[in-house]
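Please find the structures below.
Next come two complexes built around chain A: one with chain B, the other with chain C.
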Partner chain A sequence: MKHSTFFWFVLPSAFLMLLFIALPVVSVVTQSLYTSHEQVLVTVENCGPFGCTPVTSIDQDATQALQAEKPLGKWAGLDIYKDRNHLAFAEVASAWVNADGLPDFGKTLMNLPFYKAMAFTLTYTFVVTPLTIILGFFIAVAVNSVAKALKGPTIFLTLLPFIVTPLVGSLILFWMVDARGILGAGLQWLTNNPDLSVKASTPLMWIMLMVYGIWHAAPFAFVVFYAGLQTVNTDSLEAAMIDGANRWERIRYVVIPHLFPLVTFVALIQLMDNFRVFEPIVSFSAQAHATSLSYAIFNDLGGETRLLSSAAATSVLTIIGIAILLSPVLIRTYRDFSKPS
Partner chain B sequence: MANKATAQPLSVKFLATSFLMFWLVLAAFPFVWTLWGSFKVEGDFFSKADWANALFGGLTQKETGGSFTGDGYYGAFVEEEFWRASLNSFIVCFSVVTISLTCGTLGGYALSRSTHRYAFWFLLFALIFRAMPPITLVSGYLLPFFEWNLWGRLSTTIIVLVAINQPFTLWMLHAFFKNIPKDLDESAMVDGCTRFQAFRHVIIPVMWPGVITTGLFSFLLAYNDFAVTSMLLSKDNQTMVPKLASFLGTTQTKGNVMFAVAAVVSITAPLFVMVMVFQRQIVSGLTAGAVKG
Partner chain C sequence: MNVFKIATLGTATAVLMGTTAMADSHACAITDGRVNIVGNEFPAIQSVAAAAIACASGVDAEANLTADHQKINLAGMSGDPAEYTSAVVANSSIVALINEDVIRPLDDLVAMFGADIPARQLITVDGNVMAVAFMANAQHLVYRSDVLEEIGMDVPTSYEGVLDAAQAIRAAGIMQNPVGGAYAAGWNLAEEFVNMYLGAGGEFFEAGTANVSINNEDGIEALEMMKALTAYMNPDYLTHDSNATSAEWEAGNVALMNMWGSRTGVLMDDEGAEMDVYSNTVAGGPLTVGDSGNAASTLWWDGWTVAKNISDVDAAATFQALAYATSPALLNEETMSQAVWLMDGFEAQPVNKGVLATVAAGASPYPMLPFMGLLHTAAGDNIADFLQGNESAQQALMDIEAAYTAAATEQGFLQ
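Then we have the complex of A and B:
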C-alpha cells in the first residue's frame, strides 16, 4: 500500500486518537506540575472611632482575574507528587524511621491515600486475573462436555454477567449482599451472627469486590477458552490415550498447552481491565474500605472543588503503573515483530 | 461422536453438569431476583423480617393492593425523568457506533493491507492507548473543556467516546480485514480501480459480519461507560448510567431505592435482548483477537 493512500485511510482514526488520547496525556502531565492559585489577600486599614486596625481579606476580583489569566494555576514542579495524597515521601520516610517492625510500617502506609489505593488495585488485579482464568477454563471444559442441546442457553446465560454494565452488575450484587438482601441475610443465618454486615467490614468488602470481579470477567475467559477447545486436535488426544494418559493427564499435557497462547491473551486483557477497577467501588460505596487508583482520580475530579492537579498527578502515576505492568507484553510483541520471518 | 478420546464416563458427565448448573445459577439468579424484586415495594425487595415477603410480596399487597407494583418504574421514568436519560443514551450510542465504525473500517483496512513498519507502530500505540484507564484521560479533558466551553454537551461526549473506542475498533477490524484475502482487492486494482474504489466496491460488500461484531462492542463500550459520561455531561444531558448513579445519592435519603432498582432493570433489558439476538457475533468477536494471537 502506498504511503499516501495509507495516510488518508488512517487519518480520521489517527486524528481522533491524537487529539483525544495523546494530547490529554500531555495535558495531564502539564496539569500535574501546576497547583491552584493561592487566594489574593489584601490588607486594608480599617479606621474607626477607636483608631485604625489592619484587616486582611480575600480580594475576590483579583483572585478571579489571576485564575482567568493563568487557568493552569501556578508552577509547582513535583510538589504535588510528593505531598501527602500522592507519594508522600516525607510521611513514608518518617514512618520508616519510627515504625515498629514491618507490619507497623505497612499499617502506616495503608493510612496514606495513594498507597491504600495502590494496595487494593494491585491485590485486586493479581487475585482476580488468575481466578478468572481458572474459573473460565473450568466452565469451558464443563460446557464442552454437556449435551449439545444445552450449549446455546448455557452460553447465553453465561454471557450476561460480562455484558451487563459494570455499575449495574455490581449494584445488583450489592443489593443482594446488603444486610437486608437475600445473600446478606443468608450469610447472617449461616454464620449465626445477626450483626454481620459486608458494608461494615473491610476484609468482607475486599472479598465482595473481588468476587464481583471474577463473576464479571469469567465469561470472557470462558468464551475464549471454549473457542480454543473446539480446535483441540482429537488425534493427539487419542494418541495420548493410547500412550496410557488418563483423563486429567490428557487435559494437563494436551489441552492446556494447546490453550496456552489464549491464556496469555486473556491475562493481558484482564490485567488492563482489572487495573482500572472503578465502578464496583462506586456501586458498593466501598470508598471507606477500599479505593483504587481510578476511584481516587474520580473522587478528586468530582464534587464542589475539582482538584484537577491532584487528579492529574494520580493519573500520571496510574499511567506509569500501567506501563510497568504491560512492559513485558510490549517488549514481546516488539520482538515477535522484529524477528525475521 | 463415537470417539474414545472424547467419550466420557457417567461420573465425569455428572460432575461437569452439576458444576455447570451451579455456575448458571450464579450467573443468572441475580438478574432474575432483581427483575422480580423491581415490581415490589422497598420493604419486600429488602425483606429483613421474612424472606418469603420478597417472593410473594406481602408488604406490596398491604401498601398497594396487588402483588406487583409499577411504582418504581413510574417514579424513575416520570418523576425523575429517566426517559430523558434513555433518549440521551440512545443518541450517544447511535452516534458513537456510526462514527467509530466509519473511521475504524477505513483505518483497520489500511492497517491490514500495509506491510510497512509504521503500520506495526500504529497498532502498538493503539494497544498502549487501549490500556489507559479512561478516567485518567478525563482528568486531562476537564480543564480545556471548561476553558473552551465544550463541557456538558452530548456532542463532546460522543467524540470523546469515539476516540477512546478507536484503539479497540482498529485492532478488531484489522483482524477481520486480515481474514479477507488480499487477492480480492488487488485483482480489482489490477483491473484499474484505485485503492479507494477497490475498498468501496469489493471490500465493503463482504465486510459486514466483522463490522456488525465490532459495532456491537462499540455499542457496549458507549452504553456501559460511566467514567466519561459521569464527568463530562451536565445534569440535563446525563445518559442512563450516570443518571442511575445520581439516583443512588438522592433516593437513598428519600428512602426510595426502588427508583434505582427500576432503572437497573431498564438498563439491563436492552442488553438482554442484544445478547439474545447477537449471541453468535459476540462470541466470535470475543475470540477474534485471541485466535489471531
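Then we have the complex of A and C:
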C-alpha cells in the first residue's frame, strides 16, 4: 500500500480515536493533578424557617478571583494519588511499621478504601473470568448438539441474561435472594437456618455478586464459542472418531485447540469488563460489603460535594489497573502475530 | 416559629386562605420565558411542580423530578444558559449550589413579584435571599399503637425506651425484628448518625473551622446506640433505604422506627397495607439518646432556587411560577396532608404531628456548612464496618475523620 493511501485510509479512525479515547484520558490525567483552590471562608448569618444562625460559608468573590487567575485549580502533583482515599502511602507505611504481624497489616490495609475496593475487584475478576469462559464453553457445546429445530429458541433463551440490562438483571436477583424471596427462603430451608440472610453477610454477598457476574456474562462467551464451533473441521472430528476417540477426547484434542484464539479474545474482554464491576454493587446495595474502583468514582461524583480530582485519580488508577491486567494477554497476542510464519 | 402557631389556629386561617388564593391567581400570568425545574421526587414536591407547570402553561415549562436530582442539578445549572431554571433543594443540598455559585440572589425578584411571601419562607444567606422554602421536614418516631398496647408499654420518648419496647415485643413473640430504620449504607446511614450524634450533644466541627471533631464520647455513644438498635432490625438493614423501610412497615413487620415526616402520609393511608397496620400507625415525637435531652433528629426545609446563568425573563417566569405554586393557592384537601407546609393557611393533619413535635422539641436544623456534605459522605462509607462487628466504634470514628480530612484537603477547606 502506498503511504498516502494508508494515511487517508486510517485518518478517520485515527481522528476518532484521538477525539474519543486519547483526549478524555489526557483530560482525566490533568484533572487528577489539580485540586480545588483554597476556599476563602467567611462567617455569615443564615436565616430560614427555623431561625437565624451564624454559619461558615464560602466567600464567592474571593474564590472567583482565585479561579479566574488559575482556572484549572491548584497544582497538586501526585498528592491526590497519595492521600488516604487513594493509594494511602503514609497510612500503608505506618501500618507496615506498627502492624502486629501480617494478618494485622492486612486488616489495616482492608480498612483503607482503595485496598478494600481492590480486594473485591481482583477477587471478582479472577473468579468470574475463568468461570464465565468455562460455563460459556460448555453451554456452546451443549447447544451445538441440540436438534436443529430447537436450536433457534435455545440460543435465544440462552442469550437472555446478556440481553437483560445489568441494573435490572441484578435487581431481579436482589429480590430473589431477599430473606422473603424464593432463593433466600430456599437457602434458609436448605441450611435449616431461619436467620440466614445473604444481604447481611459479606462472604455470601461476594458469592452472590460473582454468581450474578457469571450468569450475566456467560452468554457472551457462549455466543463467541458457538460461532467458533461452526468452523471446526468436520474431517478432523471424523478422523478422531475413526481413531476411537470418545466425545470428551474429541473436545479435548480437536475442539479446544481450535477455539483457543477465541479464549484469548473472550478473556481480554472479560478481564476489562470485570475489572470495571459496578452495576451489581449499586443494584444489590452491596456497598457495605463490597466496593470497586468504579463504585468509588460513582461515590465521589454522587455526593453533595463532587470530588472531581478524587474521581479523576481513581479513573487513572483504573486505567493503569486494566493495563497491568491485560499486559500478559496483549504480549502473548503480539508475539503470536509477530512470529515469522 | 410563626407557621406552627398558625397551624394550630386551623380554621381561622382557612377562611383567609380562600381570599388569598383568589388574589394569587392573578399573579399567574406568565407570557414570556422558560421554566424547567429539577428536584427530588415525593408527593409534596410533585404537587408543587405540577402547580408551577400549570401556572406557566402559556410558556415552555417542564419538570424533572427524580431521587437522583443531586447528581444532575449542579451539572444542569452550570451551563450558560443553564438547562434548569430552578432546582428544588433542601438545607443540605443548597450548599453545593451556593458553593459552585450557580443560583442567583432573589431579592430583586422578591421585591417585584413576591411581596406577599412571608418572611419565614425566605432563606437568607449573608443577607441575600437565596431560596424560598415551602415545607418543613424531620425524622421522628413512628409507632404501632396496637403493638405497644399489647405489651402494655407507653410510647417511647428515648432510644433507650425503644430498646426496652423492642425487647418486650420480641419476648412476647409478636415480631422478631420490631425496629425499623433507613440504615442503608451511604447517605441514609450517615443521616442516622448525624441525628444520633446531635442527640448525644455532639458538635461536628471545631467552632469556626473545617476541622472535624467527632472522635469523642458523643460519637461513641451515638454509634453504640445505632448498633444496639440494629440487633432488633431485619438483618438486611444495611440495604434498607427509606423506601425499603417503609415497605417493611407496610408489610406489618416493624412496630417502631425513626422515619421522615414527609413519608408518614404513605404509611397511614389505606394503600399497600392491611387495615390493622395502617389504622394503628401513629406519628410520635422525636427520640432522645442518653441524658443530654437533645432531640436526636434534624430539621429540614425544602425550597426552590433560581439559576444564575439564565436570562432575566426566564428568571422572572420561573420565580412567578414557583411563587404561585408555593402560595396558599396550592393548599387543598389533597395536598394539605402531604407536608408541613410553610404557607399561610396550612392546617396541621395527624400525619404532620411528628414534624411539628420535632420542631417544638427544639431539634437543630441540619448544618448548612460548605463542608458538611463531605463529612456526610465519609460517615456513610465508614459506619457499616462497625455495625457489622468488624471494628471498634473508635476505629470507625477515626476512619470517618481520616476520609473527611483527605476529601476536605482536596476541596481546599483544609490545608
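The rule is simple: the second predicted complex is superposed on the first by the 276 of 341 C-alpha atoms of A that agree within 3 Å, B and C clash if a C-alpha of one lies under 4 Å from a C-alpha of the other, contacts with A are read in each partner's own complex, and residues count from 1 in each chain.
We adopt the following convention: a contact is a pair of C-beta atoms (placed from the backbone, for glycine too) under 8 Å apart; a residue touches a chain by one contact, two chains touch by 3 or more.
Given the structure is predicted, the values throughout are model-derived calculations rather than measurements.
Engineer: Does chain A have more residues touched by chain B or by chain C?
Structural biologist: Comparing touch counts on chain A for chain B and chain C gives B.
Engineer: Quick one: is A:179 in contact with chain B, with chain C, with both, or with neither? Answer first, second, both or neither.
Structural biologist: The answer is both, since A:179 touches chain B and chain C.
Engineer: I'd like to know which partner A:301 touches here: chain B for first, chain C for second, both or neither.
Structural biologist: Touch partners of A:301: chain B and chain C.
Engineer: Which of the two partners, first being chain B and second being chain C, lies in contact with A:46: first, second, both, or neither?
Structural biologist: The answer is second: A:46 touches chain C but not chain B.
Engineer: Let me test your reading of the model: by the given contact rule, A:81 touches which partner, first (chain B), second (chain C), both or neither?
Structural biologist: The answer is neither, since A:81 touches no partner chain.
Engineer: Chain A residues touched by both chain B and chain C?
Structural biologist: 178-179, 285, 301-302, 306
Engineer: For the complex, which residues does chain A have touching chain C?
Structural biologist: Residues in contact with chain C: 35-39, 41-51, 53, 55-58, 60, 63-64, 74, 76, 80, 83-85, 91, 111, 113, 178-179, 195, 197, 199-200, 202, 284-289, 299, 301-307, 309-310.
Engineer: Could you list, by residue number, the parts of chain A that touch chain B in their complex?
Structural biologist: For chain A paired with chain B, touching residues are 1-3, 5-6, 9-10, 12-14, 16-17, 19-28, 31, 71-72, 138-139, 141-143, 145-146, 150, 152, 154-161, 163-169, 171-173, 175-176, 178-182, 185, 215, 219-220, 223-224, 227-228, 234, 237-238, 240-241, 247, 250, 261-262, 265-266, 269, 272, 275-276, 278-279, 282-283, 285, 293-294, 297-298, 300-302, 306, 308, 311-312, 314-315, 318-319, 322-323, 326, 330, 333-334, 337.
Engineer: Looking at the complex, which residues from chain C come into contact with chain A?
Structural biologist: Spelled out, the residues of chain C in touch with chain A are 1, 3, 70-71, 74, 91-93, 95-96, 98-99, 101, 120-127, 133, 136, 184-186, 208-210, 234-239, 241, 299, 301, 342, 359, 365, 367-374, 376-377, 381, 384-385, 388, 391, 395, 399, 402-403, 405-407, 409-413, 415.
Engineer: Over in the complex, which chain B residues touch chain A? Could you list them?
Structural biologist: Contact set of chain B toward chain A: 3-6, 8, 12-13, 16-17, 19-20, 23-24, 26-28, 30-31, 33-34, 45-48, 51, 54, 102-104, 106-107, 109-111, 113-116, 119-120, 122, 124-144, 146-147, 159-160, 162-164, 166-167, 169-170, 195-196, 220, 223-224, 226-227, 230-231, 241, 244-245, 248, 257, 260-261, 264, 267-268, 271-272, 274-276, 279, 282-283, 286-287, 289-291, 293.
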